[in-house]
Every structure is written in structure tokens, then in C-alpha cells.
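Below is one structure, written out as C-alpha cells; comments come after it.
The chains carry the letters A, B, C and D, assigned in the order they are written, with residues numbered from 1 in each.
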Amino acid sequence: MNRIIQKLQEPQKLLSIYFTAGYPELNDTVTIIKSLEDNGVDMIEIGLPFSDPLADGPTIQDSSTAALKNGMSSNLLFDQLTNIREIVKIPLIIMGYFNPILQFGVEDFCKKCQEVGIDGLIIPDLPADVYNEHYRHIFEKYGLINIFLITPQTSEERVKFIDGISNGFIYMVSSASVTGSQSGFGNEQEAYFKRIHNMQLKNPQIVGFGIKDKETFTQATQYAKGAIIGSAFIKNLTFNGVNSIELFTKQFKA
Amino acid sequence: MNRIIQKLQEPQKLLSIYFTAGYPELNDTVTIIKSLEDNGVDMIEIGLPFSDPLADGPTIQDSSTAALKNGMSSNLLFDQLTNIREIVKIPLIIMGYFNPILQFGVEDFCKKCQEVGIDGLIIPDLPADVYNEHYRHIFEKYGLINIFLITPQTSEERVKFIDGISNGFIYMVSSASVTGSQSGFGNEQEAYFKRIHNMQLKNPQIVGFGIKDKETFTQATQYAKGAIIGSAFIKNLTFNGVNSIELFTKQFKA
Amino acid sequence: GYYGEFGGAYIPEMLYPNIEELRQNYLKITAEPSFQEEFHALLKDYVGRPTPLYYAKRLSEKFNTKIYLKREDLNHTGAHKVNNTIGQILLAQRLGKTRIIAETGAGQHGVATATVCALMGIECVVYMGEVDIARQAPNVARMKMLGAKVVPATSGSKTLKDATNEAMRDWINNPVDTHYIVGSVVGPHPYPDMVARFQAVVSEEIKWQLREKEGRSNPDYVMACVGGGSNAAGAFYHYLDEKDVKLIAVEAAGKGVDTGESAATSILGKEGIIHGSKTLLMQTHDGQITEPYSISAGLDYPGVGPMHAHLFKTGRAEFIAITDDDAMTSGLELSQLEGIIPAIETSHALAVFNYKKFKPNDVIVINLSGRGDKDLDTYIKYFKL
Amino acid sequence: GYYGEFGGAYIPEMLYPNIEELRQNYLKITAEPSFQEEFHALLKDYVGRPTPLYYAKRLSEKFNTKIYLKREDLNHTGAHKVNNTIGQILLAQRLGKTRIIAETGAGQHGVATATVCALMGIECVVYMGEVDIARQAPNVARMKMLGAKVVPATSGSKTLKDATNEAMRDWINNPVDTHYIVGSVVGPHPYPDMVARFQAVVSEEIKWQLREKEGRSNPDYVMACVGGGSNAAGAFYHYLDEKDVKLIAVEAAGKGVDTGESAATSILGKEGIIHGSKTLLMQTHDGQITEPYSISAGLDYPGVGPMHAHLFKTGRAEFIAITDDDAMTSGLELSQLEGIIPAIETSHALAVFNYKKFKPNDVIVINLSGRGDKDLDTYIKYFKL
């Protein structure tokens, strides 16, 4: 069974962390993944950096730019992850834009993911419809779960469509925004979380965008299965380095 | 009899000098006039400075600008000339643009000229036709001779017209140019001088523009009654001062 | 050659043959069918005429009246000036001229002249005051791109007046092969009449355009800024004898009519001679021509065309003087209400709405004589954008 | 939403509602008679259309063929860009949007957007790379005069690509009240199709104008420069299915196609996704989008519209790459032969005459996409004028 599906069956609210591969240093990838697992994180999104990450705010953009400058590439990432499953057990997801994957070859990319033990993909600019029509069979062939986003503006009809083609969890974007733009959640977000919760979708939801501390994590997971922390984690890496991961993650487990 | 007409009856080729009133110093006017007469000059054009002397080259323009800056004006010039006829006998002509004269009042201006002993006027931008129609009677009332210009481009018909309304001499512009632009006379000028000479006009011609030394003076007066020196004289004043007039005029009398 | 007591040709004899050649030929040549055909073909295919008559909805709402803008800013080179240079270059060709000279202040006429000279492959020399060359660098660059020679006028105040003197001196020195393309309705006859006729296409178009839009060819008001006066001459031309059309000429008050830094020639000027024409001009008691001031390099001319002097004297046109500050504010206002950045010259005409009340049903046509791209530096500095 | 294999809408889910709203409404709204009426009235009275189709006599003589210039430089704001912004602002109004965003490179699209926003009284934010803001100061000033807010894009190379990313991020953050006016035939469907339809007025006019002049509406060639490709899309549009009309798309070779400093996307690009569209784009082996180079700020875009990718792939259009040097020389040549200073973008198209031989009776229409005033600094420095 896919590790993501296994993980989603565990009772606790899931803490998921995003980081950009190749940042702060080119070869931090394995160290960060290991440290996140050691500190009780439930799931990891490994960001494949892209030159033009248009759904991301400045923090993740800057980390992507730095990672590319450091020399990160799809091939190098797979090299770094070659033996990752010998030391890490939690679900690993690659999050990246579609063009680098397209250039790698979608099937080759998926095959590589399976080989190194990646469990799923988040490709923000691969629309659900295009995926469903052209790429779903490839993902399924290699046992990969593709994860789709929904936002407060996503219509009920489309949420249902996305739920229908999803087979892991739904990435619930907390508000209309790029990554890293929010400062806490208000009534609007709560209403949205509740609305989606009440739709009783077949896939659980994990909230992303705007989670930066224990408070927002708790708010986000009141109705959802878990939450993803991205920009806040990258900021912490930037200012406090790889060794601070323990301290950063501890706050969410308290 | 008007002094200009008297002078024109003398046998010699006439040396006429132009200077700008108020230049180099505001009160040089009388000094310069006296000195020119003392040094054998036959006739003097006193330039009434104007802000926009569009028929003049840089030398006379600059002297006009300086003179205005020094404070020269129509009234002041007449003041300076009040007793000029007590010390000077040769013909005196005021050369100026039409606008200052118009502002003074054409009749007032002519009356003043008569009072101080001016014999004639050269107003480059008062066309012969307009003069003939509107102002001739005023000039004649005050015994002033108005002097018109002809150029190499002036048609034979128009030369005759101008000769017809003139009653002193014709100012023969040596070439199509503003003042001070020529460097010696060529075949073209000689042909022109000759052509006009052969027309046997009732008024003698005095050549202006481009006369700067003995050689050009001789060339200019081969067929004409005399010549006017302007820019070359101003330049001499600028570099050598009022005291150099004797030396400057001597070359033409050699 | 006269408008009432104004006009004429007060020129040195050295210019007589040139002016006389023009005077004798301009009506004959411009009436020839081949001239008319070529002139109108170029206005259409090259200049981009007819220029629109645009109903300025938001501006009209703001001042509760009906305002149309005649869009001379959309002409090739960005102002009405080119209507005249097209006409004169065709005339010059037919007179066998092989060299063109022109004066320019802000550079619009210089660019329009350099443009038609490039179009016809004729040598072009533009005189421009040294001061103006420094402050109108983009237009100097345009002229050079177009292959024209830009000669600095270094005499006097080194601005438009002096550039005009220099151009006249050049013409005196080159009487046979050279045509002088005067840029406004100034100078000796036949220039004021000739330039006005070439610019008359503006009001010719307004007539049929307004009929299309309002069902009548006569507006209640035609309004235009006046420096030398060519854009106003064009906008007024076909309305001069239409008594129901009120004409408003807007001059530059500079820092205020009474401050000594102004270009409101009709109010501050007296009759006199400037650049060969009897007209109103700003001068000292003694008849020396004075330097006008306006923030607009296109309006700081000490004289005004003789047609306008006559319109002023007879009361046929109302003359209004607008300060720098009012003009700048109205220029910004038009930019933000209608998306049109006007030349600062035109901005003076727009400012009249702050001082003169119009009725809701009044139809007012403003000649939007040029675009403001050339004035961006001035706008930016003024508003600290 | 596809041109052959190119096009589509590869957008994050956050943009799905906006794009979907557009997709469902753009054909319906733009087909409404009231839309068509207002669109065409503004093109006529405000923009100044039709723009002339000008027979360039001296240029034709030089290259011994028949060259017509479609004068998009005479549009209000100085380029073809405004055709599209007029269309999109009317669409945005009908969709109830109260805020407009746009990206801009050289600033022409930013100015055209700021202009229509001022015209309609709608808030306007323009994203522009920090580097472009510094080198295109006059257009920044124009936008500010027009009341727009210019926001620097400080990520990546700080040029057009990054400004586009920032505009998309803004749209993600403001999905309900904001319309994004994309400036070229790029981006997710329906933008390429929508922008091409608004620009199609260019070839619509060429057809009847050429019939007036040559007795036939189809030229032998239509030629246009291609950055994103909107001016070429407009010029090609009504000729796409006319097999007797050869289409030539001219790209910027920069310092040379093989120098690593080029923007010749069709030659150097590979299939991929940029700004939501599958098309040809310049990228690393690894799929990172690379920075193109051209002396023209309007052509240095790493992608090309999907329509053009399709025209290239199918061979329907011939693609020619022209270097900086050749373009600059041809820009100066047009200035001095025809009195028209072209935008450097257009100069690339003009340079084709030095490489491709045409027959004396060939009729060639070049889309003169914009005026060169914005490029004066570059021309001046290049030619040391």
C-alpha cells in the first residue's frame, strides 16, 4: 500500500513539511529529510526548484533560485534520493512545476520516482483535467499518487470532480494567495474549512499556505486531516540553519 | 542741400563706416563719430541697436546686444547727438530696424533726426513698397533721405523701382548674405557690380557687406561710388579700442 | 497680406526675391489638382488623417458640458505641426528647392520638418536655440535620426526667437536653392496665410465630424492654445465667418500675467514688427523684443500670428491667459480622466474649464494640438512622480 | 484552446476560476452588439483607427519591390498594444471587475493598460521588472501620469518574464475583483485566442486598404516581428487560411543565434510550458526557463505565443532571425528614407530585406507595430548621434 494512504489512516493530525531541494546547501536534501522524520514529522514535500514558480511567494521563490544556483536539477535530486528508503519510512512527495517534469519526460520521471521510493507528486500547474486525460495512467502505472489543490474559490462541482480523480488527499489551499502570504486565519477561512469538511469528500484534506506556528496548525487541522508548512520552515532554515529543525518541529508536537 | 547729396557729388570714392551706437561703451558715440571724420571718412552709419537684428551676422549682433546691455536707446542716442552738428560736418545716417522706430513713432523719429542733424536712414526691414506708400511723405517732410538695399538677387525691374523712389544712393549689398559673412569678392560679385553699373541708374551705388580692407574696398568701388565698412570696423573696435580708429581708417586712404 | 492692420512683409531686401517667389506662387501651386491630390494622400496615408474628434465623456461629466477633443496628438510625429510641413515640402519641391531650413523651439516643428525632408530625400537644417537643445534632448535625437542637421542658435536668449533669426539669416545667405519652412502662422506674408491654409484641414474635419456626432457642424465654442498660433488657426479657420461659433484663444500666463514671467502676448504685447510681420508682440517701451516665459516651450514666443492679433483686436476671439500651475494640473487631470497625456501647450486650453462656466448643452471643441510625451520630464519634475 | 499541439491552460488551481470565467464568457461577451459597438467606436474615436496602410515609396525603390507599412505606430499610445487593452477593459467591465493588473516589459503594454484604465476610471497596477523600470523611464513616467501604480518585479532576472510571474501571483491573491490584462498572445487559454481576436483588426483593415490600393486584398507577403507575437497575430489573422499569402515572422537573434545572447525562440526553443501555455520556449536541458537577450526590450521574451509555435511547426510561416546590428541599421534607414522612426521591434522586420530577395511586383505588407520614440536612447547610444 502506498505510504501516503497508510499514513492517512493513522489517527493523529498530520504534520507535513515542505522544503526546497538544494537549499540552503546543495547536498542538504537527505540530512533535512532524515532530520524531519527523526523529529516526528508525518510527511515531507520535497520541492523540485523551478526558475519561474508562479504560485509561490518570495520565500520559496528565493529558495528555488538559490537551489538552482547551487546546481540542483531533477537528475541530481534523484541521485541524492537513491538510497533514501534505507533510512526514511514516512511518505515523500515531490512538489514541482510541470515544465521540468515535461522535459525529463513524464513517464521517465514517474519511473524514477518509483525507483527511489517517492509516493506522490504535487504539480501545481498541471491542471486536474489535463492530468486526468493524459497522464493519470502513467502515474498509476508507477504507483504514484497525484495530489490536487482546491482553493476557497473552487466551485463545489469542481471540488467533487477533483475528489473523484484523487486517490490520496486533497491539498486544501487555505486562502486565495501564493505561498507565504497569510498572517493567521480568520472567520472566512474557518467557514471555508467547515464547508469543505461538510462535503464529506472521499479524500481527506490537508491544508497548506499560511501555516506557520502551533496556533495556525491547530486552526487548520480543526476540520482537516493535517497541514503543510512551507514558507515558515524555509525561513527558519534560512535564519537558523539545518540544525534548528528539531526546535522548529517541536512547537507543533507540543 | 542734404549733406548726403552734396557728398555724393564729390569726385572721390566714398569711404563710409558703420558702427553700433553704445558700443563698446555707452558714451563712445560722439567720440567715434568725431574720430571717423577727423580721419577722413566720408560718411557714417550710426547703428541703432536692436534685440533681433536679423540681417546681421554675429559681429554686429554681438555689438548690438552689448550696446543694449550698456543702456543704449533711441532717446539716449538722440541725446548724445544733440550737438553733433557743432563738431561734425560729414553726412550722418542712422541705420536701424523698423520696430524701435515704429515704437518711437515714425514721425517723431524723423523729426528728431532732423533736429540733431541726421541726413538719412537705412531701415533694412522697412520694404521699399511700404515706405513708398505709407512713410515717404514723412521722410521727405523732414528732409531725410531713405536708403534702400539691392542684392544680387534683386530683379532688374525691382532695381529700377528702387532707383525710382530713391533720392540719394542705393545700398548695394555685395552678395546674398548677412553682414560680415564674406571673404573677398569673386567673379560673381564683379559681374554683379558691373551689371548694376551698366544699368546707369539715377542714384549712385555704395557697396556694403564684405568690405574689410583696402583690397575689397578697391574691388567694391571699381564700379560703385563708394563702400561701407561695418563688421570689420566693429571687430577692430572690439580688439583694439576707440583709439585705433586712425590706424584702421588709414589703410583705406593709403 | 493683411488681417486688418496686422500682417504684411517687413523683410530686408535680401529676402524679397524668396518671399516674392512664394507670394506669387503659393496660391497657384497649392490649387493645382496634382498638389491637392498628393497633399491629401500624404495626410491620409502618411500622417494618419483624419484625426478623430473624440467625445471626452469623463471630462465632460466633470465640467457638466459637452467636450470634444480634436486629436491632433495622433498625427504622425505627435502634433498638428506636420500638416503644415507636408504642405510646404510639396510646395518647395514644386519651386525646385533642394534644401530646407526651419526654426524650432520645443522641437516639434523641427521634427515635423526633418520628417518630411527624410520622406522626400531633401537636405534639412534645423535651427534651435542652444538652451532648447539642452532641454529638449529627445526631439534633437529624433531630428538626428531623421538625418537632419541641428544647428544651435547661440545669440540672444538662445531660444525660439533667436532660432528664427538664425533661420532667416541662413535664408538670406542661401536665397536660391533653399526654402524656409516656417512653423507657425507668423513671419512675413504669405507665411501666416499659407500655414493657416495648410492647418485648415483641422477645422475642415471638425465640421463633418461634428455633424456626424451632433447633427450640426458648428459647435458653440472652439478653443485652442496660442503660441505663434498655428493650431488655433487651423481649428478656427473654417469658423472665422460663422458668427454662432465662439472662438477662445488660450495664451500662457506663465507665472502670472503681471509677474514679468509670462507669455500672454495679446495682453502684454503692443503693435510692432517681429520676424517680418506687423502684429502684437512683447517689447520694451523702446521697441526691443523681450523674452517671454512659459513652462511650455511651445508657447514662449514673444509675438503672435497677425491673424490672432486681428481676432484679439476685433474681439472675434476671446483671449484667456492660463498660468503654468493651472495648465500642469489640467494636463494631469486629462491624463487620469481620459488616458490622454496632452502636450503642455494643450493643457493651457484645458485649464479654461476651471475659470469659464459652460452650459450643459454647450458643445465645445478643443484642439488637442499634440501629445505630451515630449513634456514628460517637465510633468515628472513638476509633480514629483 | 489549442493550436495543433500548442496552447492549453497549464495553470495552478488558484487561477482556475478566473480563467474559467474568462473562457466561458469571452466569446459571448465580445460577440454582443453593444460590445462590438463600443469597441469599434473607441478604436475609431479614441485610438485613431483605421491606421493607414502606407506605400513606402523610397524604401520600395531601394529594395526594388512594393512595400506597404501598416501604421500601428500611429495608434494612441504609439503601438498596436492598445487594440488589445481596449478590448480587454470592455470585457473586464462587463465581468464586473474593479481592478486591473498587467505585466509590461518595455512599457508599451503597461502604458496601453494604464491608458484604458484611466479612460474607464478603474484602478490599475502594472508589474514591471526592476531592470526594465530603470531602462524605460519615460514609459514608467507615462504610466504614473495616467494614475497607474507601477510595482517593481524584483525576482529572477527582474525583466518581463518575472513581471509576468508577479502579475500572475497578484491575480492568485486577488481572484474575485481583478482582471489581468495580458499583453500578448501568450498565457493560458483563452488569452492567446482573445488577444489575437482583438488584434485581428489589423489584418481586417489591411484587407480592404490593400484592395483600395492594389485591387486585391491579399498581398504576397505579410511580415511582422515576433516577441510574444501579438502584432504578428493581428497582421496574420485574416490571412492564416489564405494559402497564397506567405507569412514571415521575424525574431530577435540578439548578438547572433548561436552566441548565447539571443531571443530567437523558434530556433532555440523547445516545447514546454511557460506562463500557463504549452509552446516553444528557451530553456535549459533541465526545463528551467532561460533569459533571452535582444537589444529590443519588446522582443526579449523566452517564449512565443502558441499560435506562432504552431505556425513554425507546420511551416505555415517562415521564421527569420535578425541580429541587433541589422535591426538598428534598418531602423535608421527607415527613419532617413521615409521619415518614420520605428520601434526597434519593428526594425527587425525591416532588416529582412537585406537577406531575402523579393520580386519587383511582390506586394509586401509589414506591420509597423510601434513608434521608436521609446527607443531613442538606445538608438542615440548605438549610433552615437
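Rule of thumb we're sticking to: a contact is a pair of C-beta atoms (placed from the backbone, for glycine too) under 8 Å apart; a residue touches a chain by one contact, two chains touch by 3 or more.
Computed from a prediction, not measured in an experiment: that's the story for all the values here.
Q: Just to be sure I understand: going only through chains that touch, what's the smallest number of steps from chain B to chain C?
A: 1
Q: Between chain A and chain C, what is the gap in Å from one C-alpha centre to the other?
A: Chain centroid spacing, chain A to chain C, equals 66 Å.
Q: Where the CA atoms of chain A average out and where those of chain B average out, how many Å apart are those spots?
A: Those two chain centres are 96 Å apart.
Q: Which integer distance in Å separates the CA centroid of chain A from that of chain D?
A: Each chain's C-alpha centroid was found; their separation is 37 Å.
Q: Two-or-more-chain contact residues of chain A, please, as numbers and ranges.
A: Nothing qualifies.
Q: With touch defined as at the top, which chains are paired up in contact here?
A: Per the contact definition above, the touching pairs are A-D, B-C, C-D.
Q: Show which residues of chain D lie in contact with chain C when the two form their complex.
A: Where chain D meets chain C, its residues are 44-46, 48, 51-55, 58, 71, 73-76, 78, 114-119, 121, 138, 141-142, 144-147, 332, 335-341, 372-373, 376-377, 379-380, 383, 385.
Q: For chain C, which residues count as touching chain B in their complex?
A: Residue list for chain C touching chain B: 8-14, 16-17, 155-156, 161-162, 165, 168-169, 172-176, 270-276, 283, 285-290.
Q: Taking the complex as given, what residues does chain A use to touch chain D?
A: Answer in residue numbers: 50-58, 61-62, 65, 68, 73-75, 97-104, 124-128, 130, 148-151, 153-155, 158, 162, 173, 176-178, 181.
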